[in-house]
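Below you'll find a set of structures to go through.
Note that subunit A is present in both complexes that follow, paired respectively with subunit B and with subunit C.
Right, the complex of A and B next:
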């Protein structure tokens, strides 16, 4: 048995306290919003007087929540399309950047990642002005294009990371065995970087789903997006359905995360 | 995959290539960052021969191997297999099997898939693939491991898979890059025998890169000792060990004692050399020396003896330390003029050191010292 000194104990307490505080700040709001979503009351009040599924029933009612449903499908569609297009572009970009060791490649890398540090609000405004100057009317496709710029770097970054971890010897071995570049890509590179691509797509999808700044500028009444809709409801009616939406989103993210972990975990185990 | 000219032997999986092809390096030079990584190397590897490129790290041996494989394009010179220069062929068309230093097994594929990879890439049918995989697994004795992933195998097993994968495409040439560096010492001899066996069985012309003289001595038919991008000497293992062409080769292969002296006479028996240690030896050499020329005599530790009495060709030494190493007793002795020598003698059971500190040191009867010019 090792004797703990005074500094060991204070360290333990300090770290424990910080960790507890962190968990409280991260999990607390989530717990409160979920608890509130099960309320019977008319208002967003915590703690709820009694528990029921009333607001979830309301939320899933096709007539009374039609606007929310449209916004939700818009958000999912935009996130899906932006992620799909972003995946193709980012993987190609990462492949090119990883192959070249010249300084120009580092410059390109920084360029591709720059949307991550760009203030998204300014980008939203800039995109709106740019598209109106070009004479392009707001539409879902425009939203997809707008989101694409903001979320593609997530996929680019994780793909590039898994490419740099790829042993170049594997591709040389493949070459010496008579395989073409395309064959090597299909059977060696792609399977080994797939977990990285999947992780990036997950991050990209989530970040598109709850993107406010770009949607704020590029969406219209016709192309309402879920986060914007929620904000609108919050401002006007303090509708408890907002809490129910939050509950559904949290649950969906949780499920998606478990699926992702299962998939990439599996691929990780397969690729050693 | 755009490879129209596959050799016929691929269609006949059970027939190794009948005639091993020679590999010729003709004046191969590669400059890299202003310096010469490989400097005008000419080397002919006969069909079915295993040549080891031996040298310290940075001597250019790995660069040379990668030039043969096609991963590096040389600045000058030709690589020829059989009669045909292959310099314009990409690595995927060279029909060269490579065993990489870290094996480079595909981690996400099973052993069987790894071995079948080259055949699958060539578009061979599943039946041909399965037959060849079974054959290769039997040859490297890993039948039970067919469905395992590489990381579930030991180092020796991984290397056997790497060998099987390289040989499954029936290559014309086999390249081995530091093949034993990652293996336990006990496993090395087994794998050396295994590689030698397969190389003979498949009648392969092979080049092995290594910095380990024991490995090179163990399995190479000939050794090319490299230093600073050049080949210093090519010869059989015993040739380069017994008759090193330069002091570098002499020092790189095995241990040796260097004694300074001066040539006094030249005769049919050899040169009479007066050693600074205070005696006179007759040393044969294929190189020419003039009387009066300062020279260095090199003698292997096992070719020197310690005696209790003075005698012809002996000089007095004091034994500083004796180490019993297995069946040998290694004496570290100090001679006159500050020379330090190592002498290896067979050890009698129960003896762990030499009794007397003062002794006389001379050449053994079978000794073949080497003579080098001293500048």
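Right, the complex of A and C next:
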């Protein structure tokens, strides 16, 4: 029974236009980069004059793109190790503080989540100074340690959320039936929180692959990381291979995301 | 009532104390690799000279008495503020549309929102170079439409940087906002409309206050992320626009003045924390 007044019409238009603009801004750039990656041209001109796989061939050439390949494998290795170690440490920590209402638990929780809001660039410099004062030479292991600190909160947060949603009655039942704590964890808690852990690991892995602030200070010419190398390429020549890297990364992320969605309902989790 | 008992029972069953044995591995890792580096950073900032021979407040005084560096702090804060404003302006309407959509459209929208979040920041920045460059999409469109004769210089301007950051940071604003929008009680909106309030009034008096906690969570993330977005700032902003992250990088790795870099780095830390605290304070203020 609502009449459309002038003010309601302006509201609908304002919301509709801004939302449309939002979708355009979100999707447009990704679409444009993918289109550009298939160009035949030497420049990043859009729209591309003709389509080809020229820059993908260039990117996969083992000789001409050797540096990029090394950086890519370094990034994958660091992300994999940091996520694996981060998963074990974060799940244990989440188990320790979940369902505890004491101030000490809240304090620990805030501490474990703090790398999410503190500027990681400040941390990157701090880590560089720390390792240099300790006399530790730069290596991939240092990058793993640095990334670990920054990405562990993602896993901690999703695991904690899963643990809070867990029905405590299940654990009581298993305990009253004589199950040990470890057995109850393995057979009841772990299967139920596994999707939360997986979602956290996915975000952690992606954010390590994407990390700039820590890698910027801890990576060297020998231990190059993909985002830093791409930054270098952007600052110097605006090589079209960057668009091809983007295409490959977007495809890889898309596949990972669809797999994760099947496994854990990631998109449902993200929308609450 | 039954729920409260169940929760209390659960708390006793799993123990009311923090199990320190489980928290220790991550706690010690953080102590060694997170807290200790910051302590070193703070320590180094109290060297007065680049060679780190004399202790003193020299680096702090040099930083805070120079108008150039004060302007860098101000510009960094301003950039964070603009990024929050721009993402808010676009994210709220998107969240309203999301709320009004059916489950199928919602899934597509979530995908659209997550896609840029999961594309590397470097690539998102690169995309904006392709778009904003002199022969880029924006300039070509404007020139074809005859709106401008010569290509506009959008790269290396604050406007271009804010536009790019709007996309780069938007998912951080949207996700908490969508979550809280979905939890909002539709009855309150309906009641406001039934009592004769216009859509605008309903939005500002009902929807906005109810979703403010989500906005604050999003604004915090956008502010923290855009003030430290080194790659976007240096590549799109170029050498003419200097923000704290670029200053820190330059002082640490080019000039090799570590004490000064440490001061700039701690300044960035305090700037971001101040912004986060101001937003939190705004939230508490708005609730009462």
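Keep this in mind: the second predicted complex is superposed on the first by the 249 of 272 C-alpha atoms of A that agree within 3 Å, B and C clash if a C-alpha of one lies under 4 Å from a C-alpha of the other, contacts with A are read in each partner's own complex, and residues count from 1 in each chain.
In this section, contacts are C-beta pairs under 8 Å (C-beta built on N, C-alpha and C of every residue); 3 or more make two chains touch, one makes a residue touch a chain.
Since the model is a prediction, treat every value here as computed from it, not as a measurement.
Partners subunit B and subunit C fit side by side in the overlay (superposition on subunit A). In the superposed pair of complexes, A:175 makes contact with subunit B and with subunit C alike.
Using CA centres, the angle subtended at subunit A by subunit B and subunit C is 90 degrees, rounded to a multiple of 10. When the two complexes are overlaid on their common chain A, residue A:263 makes contact with neither subunit B nor subunit C. In the superposed model, A:148 makes contact with subunit C only, not with subunit B. Put simply, more of the residues of subunit A are touched by C, taking subunit B and subunit C as the two choices. When the two structures are aligned on the shared chain, A:95 is found in touch with subunit C, with no touch to subunit B.
In the superposed model, A:117 lies in contact with subunit C only, and not with subunit B. Minimum Cα-Cα distance between subunit B and subunit C in the superposed model: 6 Å. Shared interface residues of subunit A (contacting subunit B in one complex, subunit C in the other): 169, 172, 175, 267, 270-272. Contact residues on subunit A toward subunit B in their complex (touch as defined above): 167, 169-170, 172-180, 182-183, 187-188, 191-192, 267, 270-272.
Put simply, subunit C touches subunit A in their complex at residues 6-7, 9-11, 13-23, 25-27, 29-30, 33-34, 36-38, 40-41, 44, 89-94, 96-97, 106-107, 110-116, 118-131, 133, 135-137, 140, 163, 166-167, 170-171, 175, 178-180, 182-183, 193, 198-200, 203, 220-221, 224, 227-228, 230-231, 234-235, 245, 248-249, 252-253, 258, 261-262, 265-266, 268-269, 272-273, 276. In the complex of the two chains, the subunit A residues touching subunit C come out as 2, 5, 7-8, 10-12, 14-19, 21-23, 25-30, 32-33, 36, 43-46, 88-90, 92-93, 95-102, 104-105, 108, 111-112, 115-123, 125-130, 133, 145-146, 148-149, 152, 156, 168-169, 171-172, 175, 206, 209-210, 212-213, 216-217, 227, 230-231, 234-235, 238, 242-243, 245-246, 249-250, 253-254, 257, 267, 270-272.
Of all the residues in subunit B, the ones that touch subunit A in their complex are 1-3, 69-71, 90-98, 100, 102, 104-108, 117-118, 120-122, 149-151, 165-166, 169.
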